[in-house]
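For reference, the structure discussed in these notes is given below.
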Amino acid sequence: MTPTTTASLLSQRDRILLAVTVISAVAAGGLHYAHANSVVSFVVAAVALAALASLVGRSVEALGDRLGPSATGVLQSALGNLPELFVILFALKAGLFDVVKATLVGSILANVLLILGLAFLVGGRKHGRQRFAADDSRMLGLMLTLAVFILAVPSLTASLHTPAASHERVVSVVVSVVMLGLFALSLPATLARRASADQAGHSRSPSPIVASPDSAAAASKVAAHGEWPLAMAIGMLAATGIGAAFVSEWFVAALQPAMDSMGINQVFAGLVIVAIAGNAVENVVGIQLAAKNQMDYAVQVVLQSPVQIALTVAPIVCLAAGFLGQPGFDLVLSPLLLAAMVMSALVAVLVTFDGESNWFEGAALIALYAAIATSFWWG
Amino acid sequence: MTPTTTASLLSQRDRILLAVTVISAVAAGGLHYAHANSVVSFVVAAVALAALASLVGRSVEALGDRLGPSATGVLQSALGNLPELFVILFALKAGLFDVVKATLVGSILANVLLILGLAFLVGGRKHGRQRFAADDSRMLGLMLTLAVFILAVPSLTASLHTPAASHERVVSVVVSVVMLGLFALSLPATLARRASADQAGHSRSPSPIVASPDSAAAASKVAAHGEWPLAMAIGMLAATGIGAAFVSEWFVAALQPAMDSMGINQVFAGLVIVAIAGNAVENVVGIQLAAKNQMDYAVQVVLQSPVQIALTVAPIVCLAAGFLGQPGFDLVLSPLLLAAMVMSALVAVLVTFDGESNWFEGAALIALYAAIATSFWWG
Amino acid sequence: MTPTTTASLLSQRDRILLAVTVISAVAAGGLHYAHANSVVSFVVAAVALAALASLVGRSVEALGDRLGPSATGVLQSALGNLPELFVILFALKAGLFDVVKATLVGSILANVLLILGLAFLVGGRKHGRQRFAADDSRMLGLMLTLAVFILAVPSLTASLHTPAASHERVVSVVVSVVMLGLFALSLPATLARRASADQAGHSRSPSPIVASPDSAAAASKVAAHGEWPLAMAIGMLAATGIGAAFVSEWFVAALQPAMDSMGINQVFAGLVIVAIAGNAVENVVGIQLAAKNQMDYAVQVVLQSPVQIALTVAPIVCLAAGFLGQPGFDLVLSPLLLAAMVMSALVAVLVTFDGESNWFEGAALIALYAAIATSFWWG
């Protein structure tokens, strides 16, 4: 079975993905160094970034096949938002504070309203009313609301003209440390509990920051693919990680001139374009799961990302700002960004508590997304 | 069965209603053209309007008896708020923007807090704890929140001093088109699904904008009435529709002088007086259903109206403004109106998710209504 | 059984509590009149206050043993927050408006976020996921949200620059009368219904303001103690009540100089220090119940207090202000206090509707508390 091994190593889908990634990444690099038209450079870099994000996810899954479900969840939580994190960090380094903040909020909005809405719409059109009564979904909605409330504190102190308004950076750092402390606390218990859950035959996620093995497995099954050897999985992860770092820099470099030439302001670019490009892959998976009537997993896959954005990406970005030469960066959002974020958190918790969905609910979520996006068109 | 036919055509209740309507409508017209005392004119017009609203509802039910439950829901959703819509349009034409906006919010407030509170109070006093676990109620609460969040976007952009603040009319029009698009999308599916549901013997509302046939039937049974022939139902609907248009104009004409002479400002008048007068009939039905311990139907009847106000009446009014010579009208609410609307939407969703009610909860809802109404006394 | 009677009258725990109370109260008085170091005076008065609060609770329980469960709940609702009410009234009399308002909000925050968080954390660490599906918990969360929304009205009118902004005292008084009316309405039904519930063998709380007999009994069982004769219970209640009044005055007198010497502003002192000191006892009971896996009772004991603070203590304080020489006091909170209060009410309702808890949810609640407390550090 020597010739078939190579074939089974890379499924048809893997090979297409790899080809798209290499071609688009090389093209993005060439356009970047050739100082090509900014809109073209931006679009090619966006495609390369989405392809790389998909490959990162694929490598994490392949690694998980080898290390067991315990590790998959933790790896996914740590690396799943890696490309998005790179983009945000490069944007931060470039001083594009508005883009950074809008992308953080836009990721939450896009997942909760646009992608969950599409999942409900596609699933509901096909299967009628769909139920997802599992506790894990409810817990995710609740955690998103708590995380968003914590993340709202610096913005509230600033926009309500409190005495703390001149200490926004300090408040932001304290909030960041508190949130990363939460994440750190959850890790040992997650690993320990997972090991015992694996033995016990059932697996429930003890921490909502970490994808439950069941939903990770369901997401992975959506696309059939070959098994990778451990070395290949690790190598691919390293290669895609490094690739994502380069492409992210080119993406950010092309962002501002591209938006300027299209007459799109920074906030709208971050909130809508960067946020959707950065989450493109997991979004497709979530909608596919809904179409297969696996709503519990669809809701978990779609809501995992915004919880991680709020609880880990936002504080990492805030704490990293000092090392990136931007010590003035804080987590203060504009009042409208804050309102949009709080509305989407409340929608997430209400929709998951409701425990059922239909296509009309999905359409209403998309309508809310469209209305909010419209209100940011002017900045 | 010739002499009995006429008797069975119009029940005792029908005849009283018809008499009150004709007398009060004629009196309202007379007082209007005689330039009588404005408070008297206003009160008589309000009585005529409530009677006409009741007759419109009665005609829709009679039409539904002939056309089947599929049509009843759609007709009710399209025509149920007709008298209120007329009042709002005439107020808009007269340039009473504050009255228009306050009436829109006041209708939502009155239904969610005052009427639902009275239903819980009356039902709870009589039957103790009452449960309403049906999905349809939960769905209505969720839809009201989503609709109110969409409707909140223009107000948020304006009151948070965003760059979009000078584009409020555009944002309002986009939001209106999005919301009416949602409604239009729901109609074909509703009709198709309903027909199949009727055959299948059970009927669940696929769209929350449209009353479920069960709740419509329950609401209709509250008052025993005779069956009307199709022609009579159509004729009555046309006559009451035209009557409502005339009386609405007189009502609005008397509104401002009447409020001035009583020292009541426009916002309070719209929020409390016009909103309660415009919803008087369905409110009585909702409370009657609660007293009969049919809480599921009571909650649906009471919450259907605010969902329709937010998702259809508000955008129609916004888009019609251009044709009524008021191109400057937008959906920007004052911050306090916005806060009151958001609070009542959250209360609606929490109360329906809770799935049970008692008289104390009802009393608390009424207390919240009283507190909010008080805060608008000064404008 | 003559010698054993005295022993069984006062349990080991009773005797320790009594000794701590007498010693700390006497010491607090001595330090007050000796004009001792303000920080020492403040700490000793705080200990005395917590001990007195514990004894008041103990006396109410002992009285309840004699009068039956019907009376216990009403007594607890009327007297449970007595020491905290005294502190707030003395602070009001001293013109410390910021302390008063911050303490009201801080009590709600401390219970909903810090104490419920600790209960979830301790209980979850010991027992894994814990469920509390009872309707009484859900009802409490819902009532807290309704009470907080009512309480928010004066603040909204003031901070949104409405025409009512110059009538804040009137709005506050109307809101207070409405809320106390709600409480008064609930009393006769509570007593009557309880009597019948006692006979029927089951007991469900008809009013969320009043602790359900079951949860009161569970809370009382946490500590084993002897039975007190009626006269002793009444005498102890009177003595501790009078003692609490004195110690509260000393506590408030030491508050401002102690905070000044420690560089802590009034708002932070009220929000965090006074609020935690005033609720210390019931908090310990709530966490103990969670550790014993009695989550339903734990949630009820912890959430009862903030409902009472919002629905009875706040209006009493507002109406009493006139008699305490502070006619200018109103219920207008600073925007950040308002936001913190609304967030904690929403968290309370979501957490109770969720119906289950784990240690991570508890940790997130504590993190939110820490973030909010940080934002008030500067005032």
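For reference, chains read A, B and C in written order, and residue numbers begin at 1 within each chain.
Note that in this section a residue touches a chain if its C-beta (ideal position, glycine included) is under 8 Å from a C-beta of that chain, and two chains touch if they have at least 3 such contacts.
Given the structure is predicted, the values throughout are model-derived calculations rather than measurements.
Novice: Graph shape for the chains shown, where an edge means the two chains touch. Line, ring, star, complete, or other?
Specialist: Basically all the chains touch each other, so complete.
Novice: When chain A meets its copy chain C, do both sides use mostly the same residue numbers (more than half shared) or mostly different ones?
Specialist: Because under half of the interface numbers appear in both copies, chain C and chain A meet with different residues.
Novice: Report the inter-chain centroid distance for chain A and chain C in whole angstrom, where each centroid is the mean of the CA atoms.
Specialist: Between these chains, centre-to-centre, one finds 41 Å.
Novice: Two-or-more-chain contact residues of chain A, please, as numbers and ranges.
Specialist: Within chain A, the residues that touch at least two other chains are 346, 353.
Novice: In their complex, what parts of chain A are in touch with chain B?
Specialist: Residue list for chain A touching chain B: 129, 265, 334-336, 339, 343, 346-347, 350-351, 353-354, 356, 358-361, 363-365, 367-368, 370-372, 374-379.
Novice: Where on chain B does chain A make contact in their complex?
Specialist: Interface residues on chain B, with respect to chain A: 135, 138-139, 142-143, 145-147, 149-150, 152-154, 156-157, 160-164, 166-167, 171, 174-175, 178-179, 181-182, 185-186, 189, 204, 206-208, 346, 349, 353.
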